[in-house]
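Everything on this sheet refers to the single structure shown next.
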Amino acid sequence: MLSLESITNSIHAWLNNTFNPTLALLLEFVIVGTCAIGLFTVLGLVLVLMERKVSAYMQIRLGPNRVGYGGSMQTLADTLKLAVKEGLTPDGADKFLFNLAPFIVIIISMLILAPIPFAKGFQIWDMNIGVLYVSAVSSVSVIGILMAGWASNNKYSLLGAMRSGAQIVSYELSAGLSILSIIVLTGSLKISDIIASQENGWWIFKGHIPAVIAFVIFIIAVTAETNRAPFDLAEAESELTAGFHTEYSGMKFALFFLAEYVNIFIACSLGAILFLGGWMPLHIGNWSGFNHIMDFIPSSIWFISKVFFLIFVIMWFRWTFPRLRVDQLLNLEWKYLLPISMFNLLLMTLVAIMGWHF
Amino acid sequence: MFLSDYISEIFNATKSLLKGMRRTGYYFTHHKQIITQQYPDVKQILPERFRGEVVMTHDEKNEHACTGCTACELACPNGTIKIITKFDILPDGKKKKAIDTFIYHLELCTMCNLCIEACPTDAIKMAQNFEHSVYDRSQLTKTLNKPGSKIKEGIE
Amino acid sequence: MYRETQILKAVPSNIANDFDDNNEMIINVGPQHPSTHGVLHLVITLSGETIKNVEPHLGYIHRSIEKMCESLSYRQFIYVTSRMDYLSSHINNHGCALCVEKGLQIEVPARAKVIRVLMDELTRLASHQLWWGAMAMDVGALTPFFHAFRERETINDIMEETCGARLTMNYMVPGGVMVDLHPNFQTKTKEFIALFKSKIDEYDELVTGNIIFQNRMKDVGVLSKEDAISYGCTGPTARASSVSCDIRKLYPYEVYNQLQFDEVIETGGDCYSRYLVRMREMRQSLSIVEQLIDNIPEGEFQAKTKAVLKLPKGEFYSRIETARGEFGVYIISEGATTPYRIKFRSPGFSNLSALNHMAKGYKIGDLVAIMGSLDLVIPDIDR
Amino acid sequence: MSNEELKIKLSELFPSAVFEEGGEWLTFLVEPTNWKTIAQQLRSSNDFDYLFCVTGVDWKTHLTMVYHLTSTTHRHTLVIKSKLDRNNPEIETVSDIWRTAEFHEREAYDLFGVKFLNHPDLRRLFMTDDWKGWPLRKDYEDPINMIKL
């Protein structure tokens, strides 16, 4: 893969030279928007295929293997099928909210794509409150889920949505606290600053045990926040058939589905940025020879491989563990994750003040 | 004491979860364990006792062993088999009972093997065919004796 | 106490109207629901997520097998019973054959007895394996289902080779078994024993020890010993509540009295105990198969019987231990070729009647776990 | 306890008891009107705590309810039979003594039309609520759903 930062810079320079600044900015908007939507679909397709393959191998199956080479076109075919399916709206549903809900969910997950750096300098918007922005906007998606659950006029959907509400709101806490413990070290919410601070080593290595604990808690919390098994109580197919999206069909269902996978991608990329150095290559202290070799691998590959590793871990969870019950889910958050992450934040602050980190 | 219990609880819980992940991780990396059969491409050879459908055995001279005794028809719990008999005129002028048509309703058959057990001359047997789907239900009603076939010599 | 359920009501205008005065909500679980394992329909009353009442509605797959059997001869009716509890169809057939043999006083040859017990235990293993996968799937772990099917498939292959079918075998006939064992049977079964011994430890690793699974199962759906007896529960459901009810031990049939095995009893009465009973039963069944596989006596596999069976006038009851509990066959004969009245006492029916008692006060997620631990097979309940 | 011992014991308890011979287990014939009190005594004095089979039989002239009882402590088994009028079959429920009877009695009501007095929830179990007739009776015919071969 080419190094992406030079491409963006050259496009920017070319646009500014050819058109007047307003038009150039407008064109950049269009290009970025198209790229974001394109990325969105590609991500959805790739991740669904990955999930199906990972689950298949864990379940001693082959998984999709008929459409395309090794089943690579299977998800494309499925999307086509979903696109031509009839999108039913139940009779008793609140039609406006029912049709709005999937778009809210998907718009929110698209919004969070903005501050994610896919490579060195390849970022839509490097805002100064990047991490805060991601965690703030991602918590809005619960509104879409609640809306879908209520508007469906279905008891299963309602139960699923209410569960999801309780779940996302509470797991937001420990996710936020574990993000904070890294912010304590970096002293900045800006994503480019966070990545730059990891040039001589990733925070998961530099931050001693508190960073590892924060990482584990973060992974658990985002698994819960994205409604993934073992925390998939909002959809819990053996209890609530399909939870909040029971009544959705066709493309509206596909939007929920897509949003789920993009949310996983974003959550994992946040994890990669905070703990695994984002696009930063693996650098170990002052081994200049080793560091130099690592620099040869393009930054985009570093980023994508880290993110996909984390996604794999989350998928690994899903295909191994049973689902928690709703009260156990909240117990886990309030009795275990929250106290531990608070204590951990305290410890991390101590580490930061005393300068014990590398 | 509370704190040590709390920590050991978390430790044991994590350990049990990691155990499970090791198991799925093992299968994720060991692709030789995969048991999927690519069905229409690779067909499994079914054992000779597999009960797929009732067929009547005919030899190369187009002769079968069915005397038309209707033992199978009586043994069948669902009325799957219907035998229509006729009377052949033998060369010496005597009449002999023989089958005209052996009708077999595959759509009613439960493959219970009772007709095969009942048959005194082993005229019918179970075939290993299991792909029975057709577009029209009437195709499932089969005539088992081939056209022009007749009973073997020496079977009463 | 009992309320009219709302299943037949036409399209409800708004869910808000479905809440009654106590803020309770009525929800239909099934007949098309992923965790009811078929067409069971439960009308549950919820207060929030807590279950107030569970009311099973049966009959979606009721075929009136009892009525059907009244017009079938004693040879023919056996195959119908494999359509009841299809997971332990062999044992059902065995129960019917036992009842007919009891009426006709047929002495079954020693070889047939051993073959029957072997097949019963293999069926029990297959049934428990499927249950294990389905149980794990009910609580949300999807992978164990496929792992369970891998071993079950081996048993099915063995069955297929000898009996000719994979699920509804119809291998039992009055007086023995239909055909002799396949020559490969012994080697294949020994291979299976060796395979399953290693895999059952994997089962434990993957599911039993898992902390989430244990928390989901422990102290959920508690059934006390008195209630288990009063509700007529049998099989692993009752044995988990420390009721000794294994027909194989109490009223031994065939060669069970010559075998070394334990009646598995747990004392907890909760879902986890029921889980453990079945897991331990698998090991017991494996040991029974192991004891018998090298000791199959030579001889006839079927006693000589008349072509048309006629049971003497009277009543005959036979009991047998299926994978789900006690299966009873009650034949009333008037001396004809067909039974006058036949009653199948199915284990699932009684076990299901305890569901309301067990599930009250637990969460909706627990209901799924309880149903899974009861190991319901709906055709067995509806008959 | 063997059948003979059980018979002696029950004769002491119920002097007017009628027994039927010949079966595998001791068969005790009861009047439908006495059944509830007898059931309570059986449950309390003889530890018949486990009702494993309840069914009806249509004898064309009358109906019979058959109860199979056993004890989980002494392991003795008793069969109870009760003759009912075919046109108006009524018997006391025992679902408060053995909880399992609740479902079994609903089944018997559904398929034989036996009315169990004081049953807490006597409704059709398998058939739909508006089903006509009692399917397991010998004279039952369902021209619509009959399968003809």
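The letters A, B, C and D name the chains in turn, as written, and every chain counts its residues from 1.
Just so it is clear, a residue touches a chain if its C-beta (ideal position, glycine included) is under 8 Å from a C-beta of that chain, and two chains touch if they have at least 3 such contacts.
None of these values were measured; they are calculated from a predicted model.
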{"item": "Target subunit C, source subunit B, minimum contact steps", "value": "1"}
{"item": "Other chains in touch with both subunit B and subunit D", "value": "C"}
{"item": "A-B or C-D - the one linked by more C-beta pairs in contact", "value": "C-D"}
{"item": "Chain centre separation (subunit C, subunit D; CA means) in Å", "value": "24"}
{"item": "Between subunit B and subunit A, distance of the C-alpha-averaged centres to the nearest whole Å", "value": "51"}
{"item": "Centre-of-Cα separation between subunit D and subunit A, whole angstrom", "value": "63"}
{"item": "For subunit A paired with subunit C, centre-to-centre distance based on mean C-alpha positions, whole Å", "value": "44"}
{"item": "In subunit A, residues with contacts to at least two other chains", "value": "58-61, 319-321"}
{"item": "Contacts with 2+ other chains: residues of subunit B", "value": "17, 20, 23-24, 35"}
{"item": "Of all residues in subunit D, those that touch subunit C in their complex", "value": "22-25, 49-53, 55, 57-58, 66, 68, 72, 75, 98-100, 102-104, 107, 111, 120-121, 124-129, 135-136"}
{"item": "Interface residues, subunit A side, partner subunit B - complex", "value": "54, 57-62, 316-317, 319-321, 336"}
{"item": "Residue ranges of subunit A touching subunit C (in the complex, touch as defined)", "value": "55, 58-61, 91-92, 153-156, 158-159, 163, 229-230, 232-233, 236-241, 319-328"}
{"item": "Subunit B-touching residues of subunit C, taken from the complex the two chains share", "value": "72, 75-77, 79-80, 143, 150, 153, 160-165, 168, 170, 173, 178-179, 182, 202, 205-207, 209-212, 214"}
{"item": "Subunit C contact footprint on subunit B (complex, rising order)", "value": "12-13, 16-17, 19-20, 22-24, 35, 46-47, 49-51, 75-77, 110-114, 117, 126"}
